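Listed next: structures, encoded as C-alpha cells.
Common to both upcoming complexes is chain A, partnered first by chain B, then by chain C.
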Partner chain A sequence: MATAVDKTKSRLGARGLRGLLLIGPAVLFLVAFFVLPLFDNAMRSFATADGQGFTLARYVQLLTDRFYLGVTLETVVLSTVVTLICAAIGYPVAYFLVRKAGRWSGLVIFLLIAPLLTSIIMRTFGWQVLFARRGLVNNLLVQELGWLERPLQIMNTPAIAIIGLVHVLVPFMVLSIATVLQGIDRRLEESAQILGAGRWRTFREVTLPLSADGIGTGAILVFMIANGSFVTLVLLGGGFQTLPLFIYQQFNTTRDFSMASAMSTVLLVIALACLYLQLRLVRRQGGS
Partner chain B sequence: MTTFTRRRLLKSGAMAGTALALGGFPRLVNAQGAPLNVTAFGGVWEQAVRDCFVAPFQAKTGATATVSLGGPPQWLAQVEANPEKPPVDVLIMTPDLALTAAKAGLMDDFTVEKLPNLAQIPQVFTDSVIGKGTVFDYGVAGITYNKETVAEPPKSFAEFVDRVADGEFIASLPSIAYAVTPIMLIWAMAEALGGGVDNVDPFFDAVARMKDNLVFWGGPNDFFNHLASGEAELGIYFDGRTWNHYDEGATWMGFINPEEGGSLNAVAVQKPVNANPLAWDYLNEVLDAENQTKFAEIMNYGVTNEEVVYSEKLKPRITPWQNAAFPPYEQIAEVRNEWVDRWNREIGM
Partner chain C sequence: MRARSLTDLVLLVFVVLFFVFMLAPILIVVLISFTSASFAAFPIPGWSLRWFARIFEYQPFIDALLVSFTLAIVATLLSCVIGIPASLYLARARAGWANAVSTFLLSPLSMPMIVIGFASLFFLSQIGIGVSFTALVITHTVVCLPYVLRTVTAVYRSIPPSYEEAARILGASPLVTFREVTLPLIRSGIAAGCLFSFLTSFDNLPVSYFFGSSQTNTLPVVMLSYMEHQFDPSIAALSTLQLLLAVGALIVADRVYGIHKMTVAT
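So, the complex of A and B:
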C-alpha cells in the first residue's frame, strides 16, 4: 500500500517537475525581459542625478507641476475618447457581423483585418494623402465641386489624430465584441420578446448586458494601446501632448532617462488603474 | 541512425540556450576575429557608408565590418551601458551628443598620429567636439520651398518669418521631437533675429507670430510629405536632403541658404575608448579625400576634407561651411533642455 502511494507521489512529482520544465522557459523569459527591466526602469526614476542617492523629485514634478498634470490628464482623456468612439462604432459592426452578415461574414472579417496587414505608418500616411490641404478631399471640395473657396485645415488638428487612432484600433473592439455576441444564447432574447419586450428593450436589457464582457475586453485593449500610442500622434500631429511623446523626447532630445523612467512608470500605473476599474465595471455588469 | 526525439530536441535546446546565456556565442565569434561594428543612418546613408568607407576599409585591412543602423541617442546609450566592451566601434554623432560622450570620458582622442587624414580636416571641426572625434560631413538647414507655389522665396529668416506670419505661406518647421531642432531651428532663428544662445526670445516670439500658419515635421520624410501633399509651401530643411529629393524626381523643390546663414548641422565621428583598435583604420578611410568625394556625390552633403574637389554638378549645391552659421554646440548643449521645456509649454508638441 505504502509503495503504491509512494509511486503515485513520485509520478505526480515527476509530472509537476515536467510541468515546471515546460513553463520554465516562458517564466524565465518574462522575468528576464519584462519584470526585471520594469523594475530597473522604476529604480532609475528614483535615482539622483549622480546615480548614488534616492529622490522623489521627478514624481513631485510630474504630480504637482500643472503642465505635467495636464499632459497626464490629456493622455487619459485621449485614450478614453478613442475607446468610447471605438465602442460606438465597433458595436454595430460586430452586431452586423454576427447577426446579419450571414455568408458575407468572412468578407466582413477580412475587411476588418485587412488594414492590420498594412504597416501602421503606411495607413497613417494615407490620411495625409486624403486630408492634406491639397489632398484628395480638399481638391474635390475646392477645385472639382467648387463648394469651398479655401481648403479645409484637417491635418494637424485633434480630430485627425483621433480619426487616425480610431481607424487603427476599431478592429480590436469589433473582434472582442463579436466573439462574445456569438456566444449569447439567442433563446434568452426570444424569451424576452415572448414575454412582451420590444426589440430595443430586448437589446438594452438582455443583449447589451450579456455582451458587456466583449465591450470590456475591447475597451481594455483599445485603451491600453491608445494610452501608449506614439506613431499615429507623431505623424498626424493634432497638438496632443501625451506621455508617450514626452518619453520619446526625454530619450531622443533631452537624454533625461530618469525623467523618462518616471513618466513611463506613471503611464504604467495609469494603465493598471484603468484596467482594474474596467475589470470591476465589467464584472459588475456581468453580475447584474 | 540518429533518432530525433522530443526529449533530444529539448535537451539540445536547453544546452544551446545555456551556451548562449554564458556567452559562448560571442566567444566563438571572437575566436574567428571580431568584425568591426560601425554605424550608419538608414536609407541612402547606409549604402553610402558601405560603398565609400566600409568597402575601402575591408579592401585595405582584410578585416570585415558590419553596419549597425540607428541613431546617435541609441548608439550613445549602448556605449554608456557597456563602456568596457562597447557594442559599436565607430559612432556617427550629432555634435551635442558627441560633446556629451566626450565629456563623460567615453571617447578616444583624435590625433594625426592615429589618423593621418585628420591633417586635412580643418581644426575647427575637431575642436568643436573637444578633440574626441571630428566632423566629417555637414548639411546646412535653410529654406526649402515648392517652386510651383512659391514664385519668390524668402531670402532671409527675417523675411521668412514676416511672410509666414502674414499668411502668405504655410510653413513646415522641425518639431521638438526631432533631435537637432534646438540647433537647426531654435538657435539658428534666434541668432538670425538678433538673439543668440543666451537669448532665444526672438525665436519664440517669431513662432508666436507665425503660429496660425505653421505645421511641424517629426522626421525628414514628414517634411517632404508636407511639401508634396501641399500641406505646406516651404519650410526649414537641409540642403543635401532637398537635392536628394530633387535628383529622385522632385524637381519642383528649391533650396536657399538664408542671408543670415543657415545653421551648420555637422555629423561627427567618434571612437569609444575600449572599441576595436581597427576602428582607427576605418576612421582614416572616413576622413580620406577620395572617399569623402564619393560620399558627397551620393549624399549631396558637404564634407570636411580640404582636398575634396566637388564635381560641377555638386559645386553649386554645396554650401561652403564658411558661409553657414557655426553653432556654439557646447553652450547649446548646456541650455538645450531649458529650450525644450519652454517649447513644450509655449508651442506644444
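So, the complex of A and C:
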C-alpha cells in the first residue's frame, strides 16, 4: 500500500520534472529576453535624470500635458477608426468566404493570405506608384480621362495612411470573423426563416449577433496591431502623431530615451489590456 | 458562386472590389519590377530584367540579403529547439497553470514590436551584447517562437494520444516512440511553424530597425534606407523576389499541410 503511494508520488515527481525540462528553456528564454527588457525599460521611465532617484514626472507629463495627452488620444482614435473600417469591410468578405464562395473558398483564402506575405515596403512602394502626383491614378484622371484639372494630393494625407493600415490589417479581421461564422449552426437561420423572418431580418437578428464574437476577436487583434504600427505611418506620412511614431522620433532625433521608455510603457499597458480582453473572449468562446 | 438574388450580386461585386484593393498595390509593384525604364512609373515603355540584375550589383543588398537569410534560419532553428519541447508538453497538459504558461509564451505576438525592439536594444547593450548579430538572433527568436509554438501545439493536440500509447505498450522506449511515432505525426506542424517563423523574421522591420549597423543591416532595413534616397524599380524587383519566395514556400507548405488547416492554426 505504502509503496504504491510512493510510486505514484515519484511518478508524479518524474512527470513534473519532465514537464519542467520541456517548457523550461522556452520560459527561461522569454523571461530573460522578453520580460526583463520590458521591465528594464519601464524602470528607465521612472528613473530621475541622474539615474539614482525615482520620479513619476514623465507620466504626469504624459497624462496631463495637453500635447502628450493628444498623442495618446490620437493613437487610440486612429486605431479605433482603422478597426471600425476593417470590421465594416471585412464582414461582407468573411460572409462571402464562408457562405457563398463554395469551391472557390480555397482561392479566396489564398488571395487573403497572399498580401500577408508581402512586406510593408512593397505595399508602400505600390501605393506610391498608384497615388503619387504623377502616379497611375492621377495620370488616368487628369490626362487619359480628363475628369480632373489638377492631380489629386493623396500621398502624405491622413487618408492614405488609414488606407495603408486597413490594407495591412483587414485580412486578420476577415479570418477572425470567418472562423466564427463557420461554426454557426445553419439550422438556427433556417428556423428563423421558417418562422417567417426575411433574409435581411434573419441576418440582422440571428447571424450577426451569433458572429459578434468573431468581430470582437478580430477587432481586438486589429486594434492591438494598429496601436503598435509605425512603419506604415513613417512611410506613408499623413501627419499623424501617435505613440509609436513618437518613440521612433525620440530614438532618432530628440534622443530623450527616458520619455520614449515612458511612452512604450503606456503602449505596453494598452497592449496588455487588449490581451486581457482577448483572453476573456477566447475563454467565453471555449465555454459556450 | 451563382448570384441568385440582387443581394448576392452586390456582395459579389463588393468582394471583387475588395480584392482589387488588396491586390492592386502588390501587382503594380510586380509589373514595375520588369520595366526597362529607369524610374518607377506607368506607362511601362518596355520589359527587361535589368532591375533584378541591379540587385546583385548593389553590394548592400547582397550583404543584407545574406544577413536576413542567415538570421531567419538561425532564429527559426532556435525557436524550434526551445519551442517544440514546450509545445509537446503544453498540448497534452490539462493543469490550469499550463494554460497560463501557454498564454505567456504566446504573448510576444500581442506586444508592439517597436516596444520590444526599443527595450531590447537598451537591455542587450547593458549586458554586453549590444548591436550585433547575436542581438538580432535573440530578438527575432522572441518574435518567432510564438509561431512555432502555436502551430506545433495545434497539430499535436489534434493527434490522439493512443498512437503513442500503442507504441509504448508494444515496448518502444520513450525516445523511440518520439522518433518513430510523434515526430512523423507532427512534422507538418513543424514545417508550417518554421515557414511562418522564417517569413516573420525575414520580413521584420520594427525590431531589426533598432539594431542597424553595417554588419547587422537586414534586408528590410536596407530597403527602407534605400527608399529614403531614391525611388527606382530595384526595390520593386527585390520585393517581387521576396514575394516569389514566400508564395513558393506557401504553396509547398499547402501541399504538405493544407491552407485551410493553416488558417485555423493561426
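Everything that follows uses one rule, which is that the second predicted complex is superposed on the first by the 271 of 288 C-alpha atoms of A that agree within 3 Å, B and C clash if a C-alpha of one lies under 4 Å from a C-alpha of the other, contacts with A are read in each partner's own complex, and residues count from 1 in each chain.
Everything that follows uses one rule, which is that a residue touches a chain if its C-beta (ideal position, glycine included) is under 8 Å from a C-beta of that chain, and two chains touch if they have at least 3 such contacts.
As the structure is a prediction and not an experimental result, all values here were calculated from the model.
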Following the overlay on chain A, give me a clash-or-fit verdict for chain B and chain C. clash
Under the stated touch criterion, which partner chain does A:Ser264 make contact with: chain B (first), chain C (second), both, or neither? second
With the two complexes superposed on chain A, say which partner A:Thr254 touches: chain B (first), chain C (second), both, or neither. first
Looking at the overlay, does A:Thr80 come into contact with chain B only (first), chain C only (second), both, or neither? neither
Once the structures are superposed on A, label A:Arg134 by its partner contacts, choosing first (chain B), second (chain C), both or neither. both
In the overlay, answer first, second, both or neither for which of chain B and chain C A:Leu38 touches. second
Who touches more of chain A, chain B or chain C? C
Go through the superposed model and pick first if A:Gln61 touches only chain B, second if only chain C, both, or neither. neither
Is A:Gly237 contacted by the first partner chain B, the second partner chain C, both or neither? first
Going by the contact rule set out at the top, does A:Thr157 touch chain B (first), chain C (second), both, or neither? neither
Steric overlap of chain C with chain B in the superposed model, located at which of 41-49, 185-193, 221-229 or 239-247: 221-229
Contacts of chain A common to chain B and chain C in the A-superposed view 21, 25, 125, 128-129, 132, 134-135, 235, 248, 251, 257
Under the touch definition given earlier, write down the residues of chain C that touch chain A in their complex. 1, 7-8, 11-12, 14-15, 18-19, 21-26, 28-29, 32, 40-42, 81-83, 85-86, 88-90, 93, 101, 103-105, 107-108, 110-116, 118-120, 122-124, 126, 138-139, 141-142, 145, 149, 199, 203, 205-206, 210, 220, 223-224, 227, 231, 235-236, 239, 242-243, 246-247, 250, 259-260, 263-264, 266
Per the touch rule, the chain B residues reaching chain A in their complex are 10, 17, 71, 73, 76-77, 97, 100, 170, 176-179, 181-182, 215-216, 218-219, 222, 225-226, 229-231, 336-337, 340, 344-345, 348-349
Please name which positions on chain A make contact with chain C in the complex. 18-19, 21-23, 25-27, 29-30, 33-34, 36-38, 40-41, 44, 89, 92-93, 95-96, 100-102, 104, 106, 108-115, 117-130, 132, 134-136, 139, 167, 170-171, 175, 179, 199, 224, 227-231, 235, 244, 247-248, 251, 257, 260-261, 264, 267-268, 271, 274-275, 278-279
Tell me, which parts of chain A touch chain B in their complex? 21, 25, 67, 125, 128-129, 132-135, 155-156, 233-235, 237, 239-241, 245-246, 248-249, 251-257
